[in-house]
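Which chain is which? They are A, B, C, D, E and F, in the order written, and residues in each are numbered from 1.
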Amino acid sequence: MRPSQRAPDEIRPVRLSRGWTQHAAGSVLAEFGATRVLCTASIEERVPPFLRGAGQGWVTAEYGMLPGATHERTAREAARGKQGGRTLEIQRLIGRALRAATDLPALGERTVTLDCDVLQADGGTRTAAITGAWVALHDALAQLRDAGLLETWPLLGQVAAISVGVFAGTPVLDLDYAEDSTAETDMNVVMNADGGLIEVQGTAEGVAFSRAELDAMLDLAAVGITQLVAAQRAVLA
Amino acid sequence: MRPSQRAPDEIRPVRLSRGWTQHAAGSVLAEFGATRVLCTASIEERVPPFLRGAGQGWVTAEYGMLPGATHERTAREAARGKQGGRTLEIQRLIGRALRAATDLPALGERTVTLDCDVLQADGGTRTAAITGAWVALHDALAQLRDAGLLETWPLLGQVAAISVGVFAGTPVLDLDYAEDSTAETDMNVVMNADGGLIEVQGTAEGVAFSRAELDAMLDLAAVGITQLVAAQRAVLA
Amino acid sequence: MRPSQRAPDEIRPVRLSRGWTQHAAGSVLAEFGATRVLCTASIEERVPPFLRGAGQGWVTAEYGMLPGATHERTAREAARGKQGGRTLEIQRLIGRALRAATDLPALGERTVTLDCDVLQADGGTRTAAITGAWVALHDALAQLRDAGLLETWPLLGQVAAISVGVFAGTPVLDLDYAEDSTAETDMNVVMNADGGLIEVQGTAEGVAFSRAELDAMLDLAAVGITQLVAAQRAVLA
Amino acid sequence: MRPSQRAPDEIRPVRLSRGWTQHAAGSVLAEFGATRVLCTASIEERVPPFLRGAGQGWVTAEYGMLPGATHERTAREAARGKQGGRTLEIQRLIGRALRAATDLPALGERTVTLDCDVLQADGGTRTAAITGAWVALHDALAQLRDAGLLETWPLLGQVAAISVGVFAGTPVLDLDYAEDSTAETDMNVVMNADGGLIEVQGTAEGVAFSRAELDAMLDLAAVGITQLVAAQRAVLA
Amino acid sequence: MRPSQRAPDEIRPVRLSRGWTQHAAGSVLAEFGATRVLCTASIEERVPPFLRGAGQGWVTAEYGMLPGATHERTAREAARGKQGGRTLEIQRLIGRALRAATDLPALGERTVTLDCDVLQADGGTRTAAITGAWVALHDALAQLRDAGLLETWPLLGQVAAISVGVFAGTPVLDLDYAEDSTAETDMNVVMNADGGLIEVQGTAEGVAFSRAELDAMLDLAAVGITQLVAAQRAVLA
Amino acid sequence: MRPSQRAPDEIRPVRLSRGWTQHAAGSVLAEFGATRVLCTASIEERVPPFLRGAGQGWVTAEYGMLPGATHERTAREAARGKQGGRTLEIQRLIGRALRAATDLPALGERTVTLDCDVLQADGGTRTAAITGAWVALHDALAQLRDAGLLETWPLLGQVAAISVGVFAGTPVLDLDYAEDSTAETDMNVVMNADGGLIEVQGTAEGVAFSRAELDAMLDLAAVGITQLVAAQRAVLA
């Protein structure tokens, strides 16, 4: 039995609120249950040095955790003077996932930065970040398109992410903190709307996991992603 | 005429939402018009090294700006590897203001950290932060009191803050970004509920200001503070 | 009675020694009693990135405290790897104060950096820094003028600074360390030669201060500034 | 056809040289073809702060790339002042993999640090690092055991890692740099000697990958891991 | 002919001013011609971690250059966020030189920090720093002795330093900036009052130097050191 | 008697292995007994900012110590976030030594970076680094020459380095760790093939050393350098 009483293949209530703040080109509050991540998309008319003159754009991400977002206060990375390994790992993942959804040459020589800041953490912050950031990216690109700055629509399709794991011996979908902190295996899966895999990151927390468990988790992930891409479509409709 | 059509002595709509997130001991979303600052108060059962064994507690603050909170994206300080001068200046101000409201020996050997993170910026973020942080501090102290951990109630009284300035030759109250970015003089005033001054920080942005203008601004500040302390009381009632 | 036996409205002996070192374009040792701050002005023929092509110059300041300048040795910021919040706050104040005295377009596309390093600290280092830096700025600008590099004299007028406070219940002028460390209220005031206010920064250290006390402190500040601008004029004569 | 002329399921020649340097408790040069990683294991008689008094040990890893190890010189992270995201990601992976092989309470209150430094890079540095570090960890633990410092042998079993990917449409095993830099999908797999999965990290570099491709890659990984654990056993025999 | 018209074996006027500032336990302004270095000695009643419980004290040094001390403004290391290689090299040299003059067990478990800050640079700053710091160290130790805190006088003897070089083909003593910046060879020599060598650091700036040139430089150094130790003795008399 | 049973004027077995790794333009493993330093030379077609447009090239060096190279694990500088003073001092020395061997205008507007990473430390790492780096520099320059990119051969001659010291009262050549850690005096000498001195750095570790001891050490150094330049020539033959 899951602490939240959910069925093994049941995700938490998902809410994607567009236009949540007013300055950024795209701004989405992504909620997976009690997890709340503010995803904003900002456009800059330049590319990083390694892409100068390459005739393409760039999509990148930064991730942060507000100090008060967790049960125990998390030290502020700006005050500590550097981003930790977990932060860098997550923001690299978000960036790769969103680049997989983007036709970078069609974007033109500009950069979209996706800032994903966790306002409240209850497990699955990186998957909420990716799922919400895709909507923010969409809205920022739509702003460019509406301004007549794009010749081709650069969004290749939808991308969403969900966590799966083995909790108390059972494969479960969309772990909250109570499950995540004690799960035997924890896996994050990024997929597109066609069921194609973008990223799979699975980690045994104690004992190794089997191919059969991996298969069960991937099946669950597909179930969850189907609902998330539907939620993305619904909020854009 | 002010860009917002407000009267010179008119503050923006103020909203203080308690319990806005669930993990921190105190959590308040402070809104002054379009400015939105999330203020959380966290308690740690230890004091900084310079207070060890001194038989008193400590109240401190940290301030941050989400990258997407501003018209132009603000670079993330955690990624740049340090907090800027403006950030340090503001968080030192918030800390001093809240310590002025606290009986530190009565707090006991523990630290309350007030994290003030700007979700959306439209001028006056530091004053919204102080005004909201006071409520978050109250709620954190109440949690300690309700847990039987305090012998004496450590809150000495209310503290709130408001900006005043000279805009287009006229002293005005509670500047928004449109005013703040072009004002001749900008002043932040922290006061208690009895009209006592805690902090006055006034800066001439172009030409110097006169004692008469200073007086007019301080009169306006008192008008604003009266409404803010009433708003604090209302939300605690 | 003040520890130094001074009258409440009596400043310490002020000495501004021009040409104190020989390499910098302006070099002034500013002494307020036992407080000694070396202020040098250096000219660079470029402006910061945010002003490139803007057709104006820039005036900025950096502040430092020699480790041996204080009763207890102060840790060297270069060794700690960053400037502290107090340092950044002070150097931002000095920069704003001196920019208020400068016609930046008349300066041309160059930067004057005012380095204010405290050789010996006894209270009021930031006010001595501003008062001395103004003379160093004057001398650097005079060097540019004498070299035929300026079409218009860019100095708009004099700027000086003094501290005031409430010590043992009495408003006093130009606090030394013995007063500063125990004062109830501490305020720094930057003014021009016409009595215009450039910056007012007042902080209640324990109990709040009243409008009456604020007024008394500002009156004292005006008395002090009058003497400081006279001292600046005298040393330039 | 693979650039190296290898069959799709053929790994590069693997060499694990024990005792490659003399000071560290374990020291292994791990070579996967032209990739050479020096893995040393050092023992310290203390644990990180978060484990003090917890009655268990810790295994951690650090990863580095010598500047001359790559085709283009890689900037030295010590000179740049921080470890990059890729480095942190890899060393966190190595640490997790080796902890999965260790009975931390049996280790006692001490830390084994596995330093994996790439002397020459040709793809697969993190998998060579994990495979070699396991042998270095074994040797360091053996030194502790031979010194009578262990009551229980803390090594739970073997752990090894291999990369798989989809190159030119074909799933292949143990990618070298020529393949890695152009592969459509890149996956690193950490397994134990029983075929249990410790970590799976797969990334689509351009187009998404299918479940069928994932299965084919995992099958290949199992083939490779079998040979690596045999190589580990052989060198320990 | 030397730019300064000095004879090859002629040092610049040396002035060592004791008690130059009032807070530090020792405070000396060391002037070698136009080079001016403020040397302060501060005492802390603790030792660095690596000496805890070792029953001895420690002497260490830090070196800094005020930004306005040089012809072209030198960037402030505190603002850049780290001390440069030249700074670290010099302060390590000063520390070693002064430790060579101190009986560390006799000092007791305390640390003397020698801060050497260059107020004006004209060549030879590190040699002026060592020569002046020795006097500051003496005065700090005398303060300890006068307070009855020392059983044995910890100063083993005098230490001083001078630069020598080959300028325009001729070995010369005590190079100023005009010589130092174009000399073929530059050498710094630290000696004690008995003519014993503490440190020799010679660098060919263009062509190699011969043993004969080395010998000539060391002879000159001995001439200079004799005068410096006499100056130290004179100022202590 | 030396711990290694060597005669006072006997160096350790020296081995310089060219082409030790394959990507860098020059790559040499330099072994002085158990000390092993990997020296790679990398070429970049640009110069540092201070040389832009100066019509010359640059040679620079970076030094590192692998954490497992020493008896006690050395903390990784990349993880600590900065290079220590010892590292900076050594890499500055290596850079100066190799620049003394190079005709920088003949190199053209390019930079050769010599990375010297210690794989195993047993005393004399900086001297092994310089001696090996010279061969790596030679090979990198030869690659440029063979590619027709040089008009003039930029190598001015050979440069090598050796340590000397006073151990147990006797001057000895090429100290290993057992000697180095207890020697009374430690000196590093860089010379060219003609016996010219490039750099001399001698430090008294306890008592001062005499001119006679200095002479004896320099004589020994010349003996050692003769063998090192012969070894360099042999490996290039």
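The rule we apply is simple: contacts are C-beta pairs under 8 Å (C-beta built on N, C-alpha and C of every residue); 3 or more make two chains touch, one makes a residue touch a chain.
Bear in mind that the values here come from a model prediction, so they are computed numbers and not experimental data.
Visitor: So if I look at the partners of chain B and the partners of chain D, which chains show up in both lists?
Guide: Output, common partners of chain B and chain D: A.
Visitor: Based on which chains touch which, give the shortest step count from chain C to chain E.
Guide: 1
Visitor: Tell me which of E-F, B-C or C-E has the interface of A-B again, with more than half the contact pairs shared?
Guide: That interface is repeated by C-E.
Visitor: If I average the CA coordinates per chain, which chain comes out farthest from chain F?
Guide: Comparing chain centres, B lies farthest from chain F.
Visitor: Express in whole angstrom the distance between the two chain centres, defined as the mean CA positions of chain B and chain F.
Guide: Each chain reduced to its C-alpha mean, chain B and chain F end up 58 Å apart.
Visitor: CA centre of chain A versus CA centre of chain D: separation in Å?
Guide: Distance between chain centres: 28 Å.
Visitor: Chain A to chain F: how many Å between their CA centres?
Guide: Going by mean C-alpha positions, chain A sits 50 Å from chain F.
Visitor: Give the residues of chain C that touch two or more other chains, as numbers and ranges in rising order.
Guide: 81-82, in rising order.
Visitor: Beginning with chain E and moving on to chain F, name the chains as they sit around the ring.
Guide: In ring order from chain E, with chain F immediately after, the list is E, F, D, A, B, C.
Visitor: Enumerate the contact residues on chain D facing chain A in the complex.
Guide: Listed in rising order, the residues are 82, 84-86, 88-89, 91-92, 96, 100, 187, 191-192, 194, 196-204, 207-211, 214, 218.
Visitor: Considering the complex alone, what residue numbers of chain D touch chain F?
Guide: Those in contact with chain F are residues 21-24, 27, 34, 36, 38, 40-42, 44, 62, 64, 66-71, 73, 76-79, 81-83, 87, 113, 115, 117, 119-121.
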